[in-house]
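These are the structures, in structure tokens.
Below are two complexes that have chain A in common, paired first with chain B and then with chain C.
Our next item is the complex of A and B:
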């Protein structure tokens, strides 16, 4: 008798006076034993992985693009990202250090159509006239005031919002400084940028360009997003190039990857004229990063929409099966601290789904790359993604995290309802339905639905970069999620926390 | 005691009538049934209201240029209502397996085909009643909200009425759609026996195509998916631009009917051969 008692005491670590305390570690082990000894749960978690990978590969094989056949789509900037580089350029060579000063006297629509907020005109220094080459420019915009932009992705806001306005660009070595002024006498520095690729002999001058204006038409089940071109005309005076060489003559060039008469522009969209010190430039296009319209890395990961259904069933059944069989009374008899039982279950189910999910997403990432490449998602338009890039890593790990959160959320709801039928049907509907019906709702309603339902967590999968200096339209069919990646998964975390909290409270109050 | 049938009456009834009566009694007296029935009606109407209240003619380029399919929009609640139908129908058979009631049922009626047939009739009847209420509720509320949102007769959107042939077809077709969803779920339940497994499998089947369609870029694959999946049955709700549908209204419902028939046949074969 004595020996038995001793063994009992030694095996239950941390036993308290009431003898009812079982360490969390042991509870986790007990729950893990329950999980691994039921064959259908092991099958369920395998089904989650297989469905995710299979569906992901199916989606990847059904997707394609012809972006690499269109020259305007494959202009690549100094950073290697795809860029837009189409504008009217009135320029002259500049050897070594120097600068340019000019006053923009007007920036107007030249085709009578609405002008884009990011239409731009100003002074620029650029490596040459080759699209995608390095540059720095200070400019006026109708909607966003004075900006200093360089190498497509950098964007610094100035103070002034007024047109006419004075602009100045000064080059010293590889650093270029932009200034703004209201009167041409007192100057305010906007910022300094470094252009490592800027050659000794660069082109300096004036430019004008404008992106198109988005028109969104949305009717039940279909959205059409059109971007109508918008041509702007800008006038400059007081143009003065500070240079140690004698004045060279001005050249007019249309910077564009495609020939005149191509898809992107018509003949009279570009023009550069000069008379009595007044320069008039007419242009359209944009000097900006090109946001990835398609997000080929994300595409296969959307297979998780089907794989997660298995995670839902697992999470719910992990607790409702115990209620069905009366096993829950044994569990609570062994550990009267019910909250700890729930915590142990949450730890086990999240660890299992996260680990399996991560294996699945890593496999899916590598398996889908050749499929996507054969569908046209290949360099140069789509640079080869690498698992070490933070945004790719975030999508791969985030998708596994999403599965784990869905499983824990399901565990919480299953504990609240204690029945598998209602819990499973309810959660599947809550997670899947928003994605299906979002395309049928007006954009504002769809936006809020996708932000506030747990489906917001899927936004962790987006890997395309968005730039504030480029207008874009977010429609669900284009795979645009409405939340920032971490904010979206935060919504799912909040749902999970509330479900677990309510489950904990009910567990303590209710009979088992 | 007054409700007990005199024994001679029971004996004179045919096997089928008795089984039907027994199945109806079981379904009627289960606490979950009332909830599922109310759930089908409530979620269908609620989602339809959410749709019709949020879509405004102001979103169209011009009020007259609005090609909104108002009937389809009003019946969109079916997307949610079908989940409740799946639960209701699956529980009719899986719950009996869970509680071992199935052994009593089969002891009373050893002809298993008759038992499953009676269950199918009861499920079809109950789902039909719920669907009629859900569709009627959606159409009535839709009529109210749509007119308030600028979908008026002057703009080419006459108020929804069952007098117009396409709307009548959409309404009737939606009821049939939900009945077929119920039968598919019952067949799957007979095959799988387990509540959670059945509901998970059937809902996956219904949601897999609409989800994949969102992300498949290739139009051929998209059309193939839309044609071959059980959710093709939703085509029966379309009243405008029928030529642009991937599959015709009745053909779409036919696809779903084929799925339901296969599920019932497979479920029936398993139910008859297997030990309960």
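Our next item is the complex of A and C:
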């Protein structure tokens, strides 16, 4: 040996084991340096934003509605929400406190068609006959038993499900209490509601109405959701108004924003008759909040289906580019704990796509508003959405979250397959194909298919309000895979977790 | 940290191919250890296992007594150049080093220090995709040195370097070892290690063929041979053979004599009145020594039925020697052995 061995002293103080948090933090910094130093990836993430906004505006500009030209679409309730307020009203004035008792002896279909579960008949006190005015009512329904409802959005269930059944409504100041009874002697209180807007002189009486029954027609590429009208007839007896005034005569009014007998209604849809203490009311319509049929806020966000492709490519390439050139070995030489390298990559790619995606969706939300308004999605039928509303915020943030989850899912799949082309094509197919196939399938099959694929995450974009007391249809074309918007993101999270888990297991097991 | 690489009973099979077959050796600090063997001998596989990339089927590879996978800031302990083209073509050279520095919590100044050390300053802000193989080798070496580690591994570092680069890397390897680091350098050409390696681990077919210092190897290979140039070949051969030497004729006027010291040969020739124009003690080149070893390994190869046996192995060796070029007398040595 010619060399004398000197003990080597490194000039760099090696980092001590700072624990998982700090060491992962260093790797996150390293992965971020990797990401930002490849210009194509920066362009890719910008493309994701531009495609999402551009496609979103394109979709928004191609959408329109004539809802504001139809008067029944623009009735607004006490809370400012859009409501249905169409029914047969047999009524008399009530000054100050008082009440009404009646027995519903039958509730039947009057047109021979299927009756809706939320058809309703009962006793009601209302500010007047103007549609949208404040009210409280206790009623029987074929599908949901006795209910106490007020001001369109409040709904309290009673106990009884039987028809015939006795109903009673008692007013004291601005509070109204509803009762139910099987025999007219023992009464059970259903609940008490407060109607701040109820005037001293109100109208009290009987009502009958029924929403239509949904019919969904699907052909490849198109879905039409129709509501056939359903007319019901209700009979009452034992009608008794408790009032300090002289008994007044009964009036029959069709409460409706459009003129009864006009274009919207057929003449015999509404009728109120009485003979020998028996009242018969025939009506259709509904007294209920109007669910947002179209979802104009969601529409532009569907542009994410195009922007998503960039997120998929980024997620996949972030790892497969390393495999392609053997750079993965340099990465694992720098950090032999491979799980942390994967975690750091997931953190970086999700943060980048989420932040950029969020900027894109906020821009898209504001940019799409004038476009949608010019397409007819304007107040009063479509109240101006605000970013501070939770349902709007959820769609805006949720769409960015969707992009981030898709990118992380792609990272996991890229790690598993180690091939760019196969992974990108596979994920795009997995996300896009179901939405194409869905329109050709029967509605339940389509819904279930969408629920089980990663695209279920798109259901977070729904901004429609749903009410339990109103039937609504959920069609996959409207992004309604789950009626609960967060549930779909849960499916995507599960897919992402499985992909990452498998990727982690393979990384540890495989030779690099 | 104890700056060593210890490989103990390493075995690895890829599919039906046994790449590494019970390999054991130690790389000591303060010297350059050459890791030599023909292509496919298992050098890269062994290095990957040392780096924790591939899991050995049997045995262990330890760095300073620990498996690579348990090292906490590995770049400060081991630097490796495994594959010079393992850089993203769209990333600038400096950014490549920067992410490595971040990953181990190294100061950013180290990035600029190693860039200067390998002479990449002028191109540090250019995308690595446009680099020549030689520039990529330098970038890979910079990456290996970024943590100023005590253990270094270079897989075929002179590949693609121009003669100037080869000289540079030889000097670099020597100085790194002189600082007390353990340096392992693989090559499939023994000549590339001439003048830089102190110790050699020669492997063939996944096994250690020789684990020896360069000094010992050369001494053994030279073993007292003397080159003699004379116009009277026949007389010289007679005189020397009578004195007990074995003599071989290499050319019309050159002889190789073994078994006698040079002084004794001169005395014998003078006594016999045989004139000669030159005499020199033969110094074997590493290439010759390698060939010697490869010839031993041939027995082992023969078992798998290589057609022509020794002949094919020698053909490999001659080709390798020719490519090496710089080693003097290697060509004549090759003929001598025939």
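Rule of thumb we're sticking to: the second predicted complex is superposed on the first by the 473 of 512 C-alpha atoms of A that agree within 3 Å, B and C clash if a C-alpha of one lies under 4 Å from a C-alpha of the other, contacts with A are read in each partner's own complex, and residues count from 1 in each chain.
Here is the rule we use: a residue touches a chain if its C-beta (ideal position, glycine included) is under 8 Å from a C-beta of that chain, and two chains touch if they have at least 3 such contacts.
What you see is a predicted model, and the numbers here were worked out from it, not measured in a lab.
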Partner chain(s) touched by A:425 [first = chain B, second = chain C, both, neither]: first
Touched partner set for A:388, first chain B, second chain C, both or neither: neither
Contacts of A:27 with chain B and chain C, given as first, second, both or neither: second
Partner chain(s) touched by A:275 [first = chain B, second = chain C, both, neither]: neither
Which superposed partner A:442 touches (first chain B, second chain C, both, neither): first
Footprint overlap on chain A, where chain B in one structure and chain C in the other make contact: 40
Footprint of chain A on chain C - complex, ascending: 3, 28-31, 48, 51-55, 68-78, 80, 82-83, 85-92, 95-96, 98-100, 102-107, 110, 143, 147-150, 177-181, 198, 213, 215
Contact footprint of chain C on chain A as seen in their complex: 1-18, 23, 26-27, 29-31, 33-34, 37-40, 321-322, 325-327, 329-337, 511-512
Complex contacts: residues of chain B adjacent to chain A: 32, 35, 47, 51, 54-56, 59-61, 66-69, 72-73, 76, 79-80, 83-84, 86-87, 90-91, 98, 195-197, 199-200, 203-204, 207-208, 210-212, 214-218, 221-222
List of chain A residues in touch with chain B within their complex: 40, 55, 58-59, 62-65, 217-221, 294, 299, 302, 305-306, 309-310, 312-313, 316-317, 320, 324, 375, 419-422, 424-426, 428-429, 432-433, 435-437, 439-442, 445, 476-477, 479
